[in-house]
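In what follows, chain A forms one complex with chain B and a second complex with chain C.
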Partner chain A sequence: MTKNSLATGLIWLAAILVSGVFFWLLSDILIHGLPHLSWSFLAEAPRNAGRSGGIGSIIVSTVLILAVAMVTAAPLSLATAVLLSEFTRYDSVFGRLVRSSLDVLAGVPSIVFGLFGNAFFCIYLDLGFSILSGGLTLACMVLPILIRTAEEGLQATPNDYRLAAAALGMSRSAALVHLLLPTAIPALVAGLMLGIGRAVAETAALIFTSGYVDRMPDSLFDSGRALSVHIYDLSMNVAGGDASAFSSALVLILLLLIINSIAMGLAKHWLHRGVVTA
Partner chain B sequence: MSLSRADRQLVTLLRGCALLAAAIVLLILLFLVKESWPVLRHVALTRFVSDASWHPMDGLYKLTPMLSATLYSTLGAVLLATPLGIASALFSRYYAPSLLAGCYRRLIELLAGIPSVVYGFWGLITLVPLIGRLHPPGVSLLTGILVLTLMILPTVALTVDAALAAVPIAYLRGAAALGLSRWGLISGVALPAARSGIIAGIMLAAGRAIGETMAVLMVAGNVVQQPLGLFDSVRTLTSNIALEMAYATGDHRAALFVSGLALMSTLLVVVGTAELLSREPQHD
Partner chain C sequence: MNLIINPKKEPIDKTHKDEAYTLGPLQAGPPCCEPEPLIRVDKLSLHYGKKPALENVSLDIYKRCITALIGPSGCGKTSFLSVLNRMTDMIPDCRVSGNVHFDGRDLRHPALDVQGLRRDIGMIFQKPVPFPLSIRRNIELPLREHGMSKQADLNEVMQQVLQDVGLWDEVKDRLESSALALSGGQQQRLCIARALALKPKVLLMDEPCSALDPISSGVVEDLVQRLRGKYTVVIVTHNLAQARRIANYAGFFWIKDQRAGCLIEFGRCKQIFEAPAHELTAAYVNGNRG
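Right, the complex of A and B next:
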């Protein structure tokens, strides 16, 4: 009995400790980040190495990097997921091969993606330090997440749909385009949001691919500094950059919160529509 | 079911895409090997351990200080995060009232999504001065371990939570019917039944700690030396790559790709083991 109450006490203590530390972290960022945050901070270009001014050009670069990553990764992962879930038996050699190679890809650390992106996109394909190189590196990185979520979404569509389509003499591709993909769209978008969330949090893979330049990018071949790289640079290399770094960190966290709630909302909406039962 | 011609064309297209997606991993390996080849060709692998120091410009490639820094920081973070993560999962599943449990789980999910650079930044601003008061300068192995613990704790908590959720309800009802106390039920039934899932979660978290770059880079001080105590400044394998890639050329650059290759092989083993454990049939 004493062992039981001891365990209860320790577990409550651990939970209080964990939430305490995390509230400490979040409130620190909120308290130090909020005073500096304003519309002009979001819109203006950074001045004096980021100590003053805002993060306008950095937000533009971040969005461009994300756009490149998603425009490349989304079609590729949708095609792979459709093949794996609709046209390949689960235990086939080809399916197993693709799946295990994606599992390995999911385990590659981000700094290794950075090395690869630098060697392949920047130097071998001669794209240099550019938004394009950074975006393509991130595309490789988010591929496993996108494929896994899309595959799960497709597998959760009711099998009746496939049977009914076949009974009506629809071709498999017609059933896919008119029935299965529309049904799975919320899951696909939710997966996309998870991928964006992962990509926007990334730093190590971007330092040597999209670079440090904090100017407003003119084209995708320009170097552009992502928000997370900006936070890193401000806190490590710029003395007196802490205030801006706090505000940038707050913007990054808010961005992630919005992206995550969209993903969760979609997943929930999808369950409630009664298409599938969880 | 036979496929129509349009379907067959679609499948061919899809196969092409899937092959491309699957080939990326090979491409990464290929380029890591290609870029590290200049050094691997004329430097024996043992020299990465036996050289006098890490002075890649002078052809000295001792990686052991970085390897031990990675090992110690990962080990420390896993040792701290495992009990806290398991306790977190037990709290939200068996101890907290349902409303609180939901909030707690949302908090952990939120933390799992916070970027590593934010953890590193917070550690630098808050933890480093605190530990500096204890033992200057503050940037140290200990700070690295603490920040890594925060980062991997949500991973442990969420995977253990999922493993506990998969324990058949009949086991728990049976244990309750035998009159076991709550802790008796957890330690005697729930945790053993979820064991392989828990170990897989810890391995995943360890993999995340090994591969983490930014958070440790920002708080650990980055001096290349064999760590002798918790307050020593250390440089991990990943930090070394991030710090030196900016100016490395020739054999130095190749040596950094060698450490990338070493990192990737270690992770393959860790993640592969986790994968095998989680695939093992858990309950019959």
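Right, the complex of A and C next:
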């Protein structure tokens, strides 16, 4: 009995500690960021190195970088995951090679991705410091997460579906499109969220690739400053930029929430098109 | 030799639906049927990696009869079924040797249209596997894959096969709801309906009743009886009484020398159960062994 209550207490303590840290962080950002937050802050361009003005151009750059990263990485990783899970044997040399290289890639520090992106996209492919370079670098960075979560999602679908579909004379691709992918959608979306979360929080890789010019970007080939870079710059390099940094952090969190709920909503809508679980 | 079973992948012919889909009334007791071989298996052996699972099995599956395969677990009955619709292709390290002919065509030929074959030889699994879709989509999906696209045709076939398996009255008001919400017996009948919708010539059933409660099991058994004369059925069952009730022919499998499964005896169901030629068969059907 005492052992039990001790264990229960410890588990509660762990849960409270974890969520406590989160709420502390959130309330700190809310308390310091909310007073400064306004529509004009969201719309205006930064002035005086970000001390005053808003973050309009920075939000646009962030969304563009994120869009480039996800549009590139999502189809690529889905295709790789399908290849790994459905068309190669789990213990094949090829599968093992791809999986272990992805695991290594997932552990590479983001600054290394930044330097690689700078060398490859900015210099070798001559894209310069641009939103395109930044987005593509982020795409490389989130690929391992997206591929592994998508692959695990596909592997988690019951093998019975594959067998039953085959026994009905359905092709593997038909089973994939009509049964396996729709069943795996929640896992695929969860992976996408993780990827977006990692990409939107990235600073180091972007400083070297998309640059930190804070004006409104003209095109994807223009340099642009992401929110995380902006927050880093305000809090580290700009004296008196703390208030703007807090508000920007708040916007970053809100942006993440909005993107996630849109993705969830889309997935749910898609899910209801065919799959009905109960 | 014509290797391709459905050469042009012609859409499923709906014009003969009345004769093909309607099962007709339940027949009492196993009648005799003409021994006209549809599938001929000759010296079939099967290995999983280095481990032998079946050795030297030869038997004929007769047209429009019910053939029951009996024997203890692990004696290769399911492996035998999987050879007949090439589900063995999906198992890595599975090696098959010997000759299998279906309707005169080499079933093991590498160039055979396997999807067409599986349309002709359907399979029902031990555990019902409804897709996580609506009841309607469960039936429609394979039909659409095989080229039937007009909604009126799909509706007609769906209603016919659901009536055949006795599910129509139970589900006609909730065709759009999930097939996973059906009971186990209903799910298995849905799976049988889904297979029948493709108008197969042969239906392979791998213990279709063993995961069901006795009442659902009885319903499915009646359904299998009604398939006789319309379809060629090969059924694996552990329920000897059931085999005796429904089958025309029976094959008895046994594990030889703790190694691989083999066919001990094959013949008319009545003979296997009442006058077995082999002492192992006698011991098994009388409940002394296995």
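Keep this in mind: the second predicted complex is superposed on the first by the 226 of 278 C-alpha atoms of A that agree within 3 Å, B and C clash if a C-alpha of one lies under 4 Å from a C-alpha of the other, contacts with A are read in each partner's own complex, and residues count from 1 in each chain.
One rule holds for everything that comes next: a residue touches a chain if its C-beta (ideal position, glycine included) is under 8 Å from a C-beta of that chain, and two chains touch if they have at least 3 such contacts.
Computed from a prediction, not measured in an experiment: that's the story for all the values here.
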Which superposed partner A:89 touches (first chain B, second chain C, both, neither): second
Chain B versus chain C as contact partner of A:171, first or second or both or neither: both
First, second, both or neither for A:77, with chain B first and chain C second: first
First, second, both or neither for A:160, with chain B first and chain C second: second
Chain B versus chain C as contact partner of A:183, first or second or both or neither: second
Partner touching more residues of chain A, whether chain B or chain C: B
Touching partner for A:115 - first (chain B), second (chain C), both, neither: first
Partner chain in contact with A:239 - chain B first, chain C second, else both or neither: neither
On chain A, positions contacted by chain B and by chain C: 166, 171
Of all residues in chain B, those that touch chain A in their complex: 1, 3-4, 6-7, 10-11, 13-15, 17-28, 31-32, 34-35, 83-84, 87-88, 90-92, 95-96, 104, 107-111, 113-122, 124-126, 150, 153, 157, 181-184, 186-187, 207, 210-214, 217-218, 238, 241-242, 245-246, 256-257, 260, 263-264, 267-268, 270-272, 275
Contact footprint of chain B on chain A as seen in their complex: 1, 3-4, 6-8, 10-12, 14-15, 17-19, 21-22, 24-25, 28-29, 75-77, 79-80, 82-84, 87, 94, 97-98, 101-116, 118-120, 124, 140, 143, 147, 166, 171-173, 176, 197, 200-204, 207-208, 228-229, 231-232, 235-236, 242, 245-246, 249, 252-253, 256-257, 260
Chain A-touching residues of chain C, taken from the complex the two chains share: 85, 87, 90, 92, 115-119, 122-123, 125, 127, 129, 131-134, 137, 141-142, 145-146, 176-178, 180-181, 191, 194-195, 198
Footprint of chain C on chain A - complex, ascending: 89, 158, 160-171, 174, 178-179, 182-183, 274-278
